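Pasting the structures in now, so scroll down.
Consider the two complexes below, in which chain A is the common component and chain B and chain C are the respective partners.
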Partner chain A sequence: MLRRAMGLLARPVAAARARSFSTDLPAAQTADSTFVEAWNKVMPNMDPPKTPLSFMQPRPATPSSIPSKLTVNFVLPYASELTTKEVDMVIVPATTGQMGVLPGHVATITELKPGVLSVHKGNETTKYFISSGFVFIHANSFADIIAVEAVPLDQIDANLVQKGLAEFTQKLSSATTDLEKAEAQIGIDVHSALNSALTG
Partner chain B sequence: MAMAALRREGRRFAPLISPRPITAVRSSPIAPSHEDEGPIGVRYISTQVVRNRMKSVKNIQKITKAMKMVAASKLRAVQSKTENSRGLWQPFTALLGDLPSVDVKKSVVVTISSDKGLCGGINSTSVKISKGIHKLNSGPEKETKYVILGEKAKAQLIRDSKKDIELIITDLQKNPLNYTQVSVLADEILKNVEFDALRIVFNKFQSVVSFVPTVSTILSPEIVEREAESGGKLGDLDNYEVEGGETKGEILQNLAEFQFSCVMFNAVLENACSEQGARMSAMDSSSRNAGDMLDRLTLTYNRTRQASITTELIEIISGASALEG
Partner chain C sequence: MASNAAVPFWRAAGMTYITYSNICANLVRNCLKEPDKTEALTREKVHFSISKWTDGKPEKPTLRSDSPDE
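Entry: the complex of A and B
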């Protein structure tokens, strides 16, 4: 009985914490209340596990007018390259071609192919070569770019690119099974994208 | 009687010269009292047993201190990787929200645990939470299966939920954790297990002394569509235009798989961090306990030693006074 009381006390405390974090944001949840209730019914002696919602940085709501800057999050498994950086424009290599993203872009989910990502801020441009990934553009001018690998263009060695391209072309011609053909094709795609990134 | 006293005297001096008692010590390692009866009613109080215990406790203290140092250095290595990977799952939660209370037919619980032991209670906590989620999602037409990563959870879950286990994966940390390995793992799981919702249970690393059990939910593309159509939390997913690919379904499929591998990567790293942190604190409290035990044993040792000296002195003096008088 005491534990149920503690469970009941915990939720208002969690709500108070949510209120103390959100200054100009709409009420951001820190826990899914239906889950917590269902959990307390099934396992009353244990605290419910936390969910990613409680560790999430809250995002601003969609503003009524188009903001002047685009906020970009560029994350990789090993590092967060850019976190909430305000830029003017990004150009992402979507599967349908290079796509430019400006503040106020319509909300989109796009898959990326290996290619060059360029971030434009004022007069400076930073270019990265990314292996595939996803980009989410939200209505509040936030863009999340998630890629598996990214390297700045000046760290790519042109000789190795040529060697890799030749190697994979040869593998494709000598491939027997579908799996090998697919792997060789992927290698060719990535290397030719690298090639055009270096030249173009 | 005087001869017996003399003989007793002779025997009595020997332990004073060499610390080891010469008569056979019928030492019982369990009994804390060390009095022994020799063949002529001679009494020795043996400190050997206490000394043996002190030696072994000191060794244990050294070993646990060393294990703590090793865990601390491993923690430092994994911690930086973990903190860098924390940005990876945030975009997915920002887009798709977090619905742990979603109502699905087939849930799969992916329990992440360690392979080695001596890491405190984190593995038991993960298993308890997995069992709780199983109970939460059981009902008519609903089923929950387990996918287990790590030896410790396997040992605990195989006892009572053997028929619900789909896949067991061990030896995860033989090579340093990297994204390629985890994505191959995620691929295996996605290929072999059907699911409507995947719930990953792991211990999130908050600090060296605090590990929070967490569950991350990943929905299959069909459920995402269903929730988006029915409104609610995923209602505005429909407002997003989906570019590229032939169909929206294909993109959502790729998205779900990518989300799974990213969230899995972060979860595995966080669990590894928590394991090292828990091992540090377990070994630290163990070496502290060993230190306390050593202090107590030292006191007992000194008391025993002083008591034996006193006894010997008494016997000598009473023997000498018996001779005189």
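Entry: the complex of A and C
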């Protein structure tokens, strides 16, 4: 009896999800109406069990006009730096260069290179140095920034940066295998990014 | 779309993205000022417990603590 309701659940959901771009989806549902109807036909006296859909927060819909604020989620593996914070603009260090994200930005997924992330809200700007990560910008002006390591600029020690840069430049010239060269190159990239973050 | 588009230098050298990302994170942590640095180095440690299975039963797990692979 219960298994028939489960069978009905699988098929309509699969058909409904056909062929729409993930950027154009409407606000997500919080309850599966087809399942609830099928359940009530079969067991009218019991409340239908909750499906995972009802535990999830619905995705905010893509508004028809560009919203005035960008909502940012900035997370690290060990902490959530910003959670649904409304800001005016963020500038992220994408591999293709510094990228400014305003509300209404086209949906994008970008890889980040070591660099400075700046969050602009009103007149204040908060800057973080990010080691690497990704940015997911959604059509509804939500931006998810994920990074492995992010530090405020004042926690960076300039002397250590200079020493590191010199050390890796030297390692690059003495590197033999491809892997060693790649590691030395990464070291140079990270330290020069740190350097320009401190001086820029 | 070009399937063999220009790969990043680290992937051409045989490194995966996770290795690259962890190396970047470690380098950044090593350039921090003092109290933040010691705190950050604790984050660098990766602990995992491995238990081998034989005949459908787990053996005693070993706790390993490695810094992320270079």
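Quick note on the criterion: the second predicted complex is superposed on the first by the 142 of 200 C-alpha atoms of A that agree within 3 Å, B and C clash if a C-alpha of one lies under 4 Å from a C-alpha of the other, contacts with A are read in each partner's own complex, and residues count from 1 in each chain.
In the analysis below, a residue touches a chain if its C-beta (ideal position, glycine included) is under 8 Å from a C-beta of that chain, and two chains touch if they have at least 3 such contacts.
Owing to the predicted nature of the structure, the values given are computational and were not obtained by experimental measurement.
In the superposition on chain A, A:190 makes contact with chain C only, not with chain B. Contacts of A:148 after superposition: both chain B and chain C are touched. After overlaying the two complexes on the shared chain, residue contacts for A:110 are found with chain B alone; chain C is out of touch. Of the two partner chains placed by superposition, only chain C is touched by A:179; chain B is not. Once the two complexes are laid over each other on the shared chain, residue contacts for A:85 go to neither chain B nor chain C.
When the two complexes are overlaid on their common chain A, residue A:156 makes contact with chain C while staying clear of chain B.
In the superposition on chain A, contact of A:131 is made with chain C only, not with chain B. The larger set of touched chain A residues comes from B, when the choice is between chain B and chain C.
When the two complexes are overlaid on their common chain A, residue A:120 makes contact with neither chain B nor chain C. Under the contact criterion defined above, the residues of chain A that touch both chain B in one complex and chain C in the other are 78, 95, 133, 148. Per the touch definition, chain B reaches chain A in the complex via residues 81, 84-95, 97-101, 128-129, 132-133, 135-136, 179, 201, 204, 212-217, 236, 239-245, 251, 254-255, 258, 262, 265. Residues of chain C touching chain A in their complex: 8-10, 12-15, 20-25, 27-34, 36-37, 40, 43, 70.
Touching chain C in their complex are the following residues of chain A: 78, 95, 114, 129, 131-133, 148-149, 151, 155-157, 160-161, 164, 178-179, 181-183, 185-187, 190-191, 194. Put simply, chain A touches chain B in their complex at residues 32, 34-35, 38-39, 42-43, 46, 49-53, 55-57, 59, 73, 75-80, 83, 94-96, 99, 106-111, 133-134, 136, 138-139, 142, 144, 146, 148.
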